[in-house]
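Shared chain: chain A. Partners: chain B in the first complex, chain C in the second.
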Partner chain A sequence: MEHSVISKLTQKIYRYVKLYIMSIKYSAQVDFMYWVNLIISVLVEILYQIAFFAIFVVIMTKTSTISGWGPFDIMILLGVDTITSELLTGMVIVWNTRELPTKIWSGELDRLLLRPIHPLFTLTLGRPYFPSFISAIVGVILIIIGISKLGLVVSLLSIVGSAIFFVLGFIMVYCIIVDFSLLTFFFQDTTTMPRIGERIVYSFTSRPHTIFDGVLKFIFFFILPVVYVSSFSAQTLISGINFGWMLVAIVMTVISVFITFWIWKVAIKNYSSASS
Partner chain B sequence: MNKYKAVIKVYFTSAIIKKADFLGNIVINLIQVIAVVLLWLAIYDPSQKINGYSLQDTIVYYALILLVTYATTTDTSDYVANSIKSGTLSEWLLRPRSILLTELARSIGAQIYRLMVLIPIYLVIGFILVSLNIGISFSFGGIAIGMVFLLFGFIVNCLLEYTLAMFAFWMDEVWSIKHFKQLITDLLGGKHITLVFFPAIVLSINRFLPFQFIYFVPLEYILGKRQLVVNGPSDIFSLLIWIMLFLAISALLYKRGIEKYGAFGN
Partner chain C sequence: MNTKVIEVTNLSKTFVVKDKEAGLVGSIKSIFNNTTRNIEAVKDINFTINEGEMIGFIGPNGAGKTTTLKMLSGILYPSSGHIDVLGFRPSDRKSDFLKKISLVMGQKNQLIWDLPAIDTFNLNKETYGVSDKEYKQTMDELIEIFDIGNILNQQVRRLSLGQRMKCELVASLLYRPNILFLDEPTIGLDIVVQKKLRQFIKDINRKLGTTVILTSHYMDDVKEITNRIIIINKGTLVFDNSLDALTQKYANHKTLTITLNKEVSIEQVKLLGINVDYNYPNLSLDVDPHTVADTTAKILKLFDVDDIGISEPRLEEIVANIFEE
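Entry: the complex of A and B
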């Protein structure tokens, strides 16, 4: 019985991964057809990351550490965060959550509900924005430079641990963005709901988790769990795995996913076609 | 003049209708401000001053950024570029109005509502901060001069956006240029980080660029870090040069572009 549930779940996940890879391929084909637009889009994304990095360079000229993080620790953190923000932009935001209000008002959602795929998948991951996947390379470069400048020898265990934190954290921030986007079902006279979730994630994932204390620590570790994806991943690369926090991250991920599906169920009940 | 007043009125009403979007945008900008303030709280030693900015000054600077952003931000490039792209510019051409002045009037109409909501909120917050006696003070003169420079900042930003929109006569999409402009403006204008923290070489180049007038200069006047007697003449001179330059470039681009425009869109 248990075996059949796991097998069904694995098959389902495999089906969605296959579908997602097909979407990326299709998106890449379309973008390569308009290659000038693609180059400009990638350049703009890279420049955006460079500008963001420049802000931290300026800050680091005024201080030697930020809550215990040195300049090259921060560089690794920014590297991981560049990958986070670019992947979020490409996978979830540009053509998906940002378009959600329009899809609800125009009634396009009706059509999506009829497809044999979970509508949440179609609405939040259905159409990737390919240039962001290319721009994520900047993040990898920053991580490599940071590690080499610190003279770190990163163990395989740290890499795996960092990757686990990244995946769990990514699911959590995805849930935050989707949760806020789904509020569009309830507040129909605004298009800003998806952007509120985005802004929370973009603004706080790049901060070292050690800057949060007291109430803020509770908020950003447990209510809006933004600290795991970039900060904990970077810290794991720098100083090894903290198994206690990894366990917390696993629990928080499960809770986040459940909350998102619950909001979805309530939201879709509230939906009444194009007139919603 | 009456026709432009009518445009201001129409877009003021339209801004009132979209109040939920406006409130949502305030939340978005507030989140950004909180994130930056938290970072500076982690960096600053409370007794430390960085290039003349104490922790209080820095926090007030970022708190005011929200007001300045709303006062000087405009979507002129999107609006004008879309009308060129879609062909709706033809309707504008038939009307007895200057496209640039109509666009300015449209932006002012939307801006008035935003400021009507934000300024009272800021006055209350400012009054509370000053009453708390935590080393924050404002002068009426500084605020008044800052407001005048805010108006100039808005005009410079509007003209910059209008100039960029002219590229829509030749390009399919101007969003990438607009995106890039926003990036540079936010960075070199002092939205993300107070300009005094930048290295001297960047500052000396930035002095000759228009971006600082959009956020940094008005804020410095409001905070009393800039004096009209000392900095005013050079600031006003630079502003006028940039305004004339943008007017000249946009007029030239418009003249060339309109010859190419096919009225069915670009």
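Entry: the complex of A and C
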């Protein structure tokens, strides 16, 4: 019985992964068809990251630490956050959640509802945006520089722990963006909802979690859990795993996913489609 | 034995719409005074459909046809009533249900615009979990029926509307759905392509045994494809039977078309029927269906007739009369 459930789940995951790989392949085909656009977009993304990093350098010349994080600790944090924001932009935002209001108004959602895969998958991950994937490499470079400057010997356990925090945190910020985007179903005349989620995530994932206290700590740790993806991942690379917070992250991820599916259920029940 | 594939019981759908005055002032007012009203798109309709039937689902704009199709396919939740499609409740959108139905909307496409149609077909193969063997067999069959072998690798944006519609149908059929919902499939197509498409749909029904439910404003689609008509008007089901039954019930006249050898006076003709159109030697007039034989005999006796024909009113006319009622 248990074996059959696991086997079904494995098959399901395999099918979704296969479909996602196909989506990436087809998106790449389309992007490479318009290769000049692709090159310009990649350059814009990389320049944005460089500009962002320049601001960080200016800040760090004026102050030695931010809430206990030294310049190269912050560099690692920014590296992880670059990967976070670029993957979010590429996987979830550009062609997916930002397009959600249009898909609802135009009735394009109808077609997605007829496919035997969860519509949230197609709506929020259906079409990746390639240039962001490429510029995520900047984040990897920042992490490597930061680690070598600090002279850290990162253990395999820390890498695994960091990866777990990253995956859990990524799911949580994905849920925040999707939750706000789904509010479009209730306020149909707006493109603002997806932007609110984006702004919250982009604005706060790059901050060290130690700067938050009191109400803000409660909000960013438990209500809008944005601190786990970049800050806790970076901290794990720097100073090892905190198992207590990892447990909290697991619980918060489960709650976030549950809330997202609940909002989806209510939203789709109220969906009125578009006139034919 | 007829197997029931769709059963609709007391189905209703009500939409809540916002009312807003025109202009900027109206927009500002609507912030403070949120006026809404209910629109009953579908009102308490009942019908059943058997396996392999070809149903024409017709009605004027805003009658509730598309809303009904969307409820049958699971896109919309009904406000009340019960729907059973192939043993499933459509609004649950179970994977096994979605693999058994297909909805083709003439005004919306599912093909990936920038890529060749074959890429959408391959994606649908994975989405619907079609095995390699089954896919090859079905595709060979569909490519033959629709004659699209030469356009499979052509970018969708470069296909003509007719070619695109064929590819839409192939994308919707490659997993062999038991039920095919067609919403205005021939809209925007030229007459030749419309005719071919109708033939394809009939072929699909014959070869694959697919149940077809079609909405269309083109009565030729309905006449040529379907063997049963469901008419819906203002959300209410007003007729559900064969085309012949429709004609018998609602055709309140037959038209006599006559070619005369010798001119007669218009007054003489007017005594025989209504809607007289006389331009010697051609004469046409509408007569009561029950008196066709008598009137024909009278005309043959009174006039020097070269040719005479009797025709039923056009389906468009009958349907328009029902809508006006």
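Throughout what follows, the second predicted complex is superposed on the first by the 274 of 276 C-alpha atoms of A that agree within 3 Å, B and C clash if a C-alpha of one lies under 4 Å from a C-alpha of the other, contacts with A are read in each partner's own complex, and residues count from 1 in each chain.
Convention: contacts are C-beta pairs under 8 Å (C-beta built on N, C-alpha and C of every residue); 3 or more make two chains touch, one makes a residue touch a chain.
Given the structure is predicted, the values throughout are model-derived calculations rather than measurements.
S.K.: Answer with first, second, both or neither: which of chain B and chain C does A:22 touch in the superposed model?
M.R.: second
S.K.: Touching A:247 in the superposition: chain B (first), chain C (second), both, neither?
M.R.: Touch partners of A:247: none, neither chain B nor chain C.
S.K.: Which partner chains sit in contact with A:193 here, chain B, chain C, both or neither? Use first/second/both/neither.
M.R.: Only chain B; A:193 stays clear of chain C.
S.K.: Which partner chains sit in contact with A:216 here, chain B, chain C, both or neither? Use first/second/both/neither.
M.R.: In the superposed model, A:216 contacts chain B only, not chain C.
S.K.: Which one hits more chain A residues, chain B or chain C?
M.R.: B
S.K.: So in the superposed three-chain picture, is A:13 touching just chain B, just chain C, both, or none of them (first/second/both/neither)?
M.R.: neither
S.K.: Looking at A:204 after the superposition, I want to know if it touches chain B, chain C, both of them or none. Which is it: first, second, both, neither?
M.R.: A:204 contacts chain B only, not chain C.
S.K.: For A:116, using the defined touch cut-off, is the partner it touches chain B, chain C, both, or neither? Pick first, second, both or neither.
M.R.: A:116: touches chain C, not chain B.
S.K.: Once the structures are superposed on A, label A:108 by its partner contacts, choosing first (chain B), second (chain C), both or neither.
M.R.: second
S.K.: Please identify the positions on chain A that touch both chain B and chain C, taking each partner from its own complex.
M.R.: On chain A, the chain B and chain C contacts do not overlap at all.
S.K.: Given the complex with chain A, which residues does chain B contribute to the contact?
M.R.: Chain B residues touching chain A: 20-21, 23-25, 27-28, 31-32, 34-35, 38-39, 41-43, 50, 172-173, 176, 179-180, 183-184, 186-187, 192-193, 197-199.
S.K.: Which residues, counting only chain A, touch chain C once they are in their complex?
M.R.: Residue list for chain A touching chain C: 15, 18-19, 22, 26, 29-30, 33, 107-108, 110-111, 113-117, 269, 271-273, 275-276.
S.K.: Give the list of chain C residues in touch with chain A in this complex.
M.R.: Contacts found on chain C: 15, 66, 70, 73-77, 93, 95-96, 98-99, 101-103, 105, 107-108, 110, 112, 114-115, 119, 122-123, 126-129, 183-184.
S.K.: Which of the residues in chain A come into contact with chain B in the complex?
M.R.: 37, 40-41, 43-44, 47-48, 51, 54-55, 58-59, 61-63, 66-67, 187, 189-193, 195-196, 199-200, 203-204, 207-208, 211-212, 216
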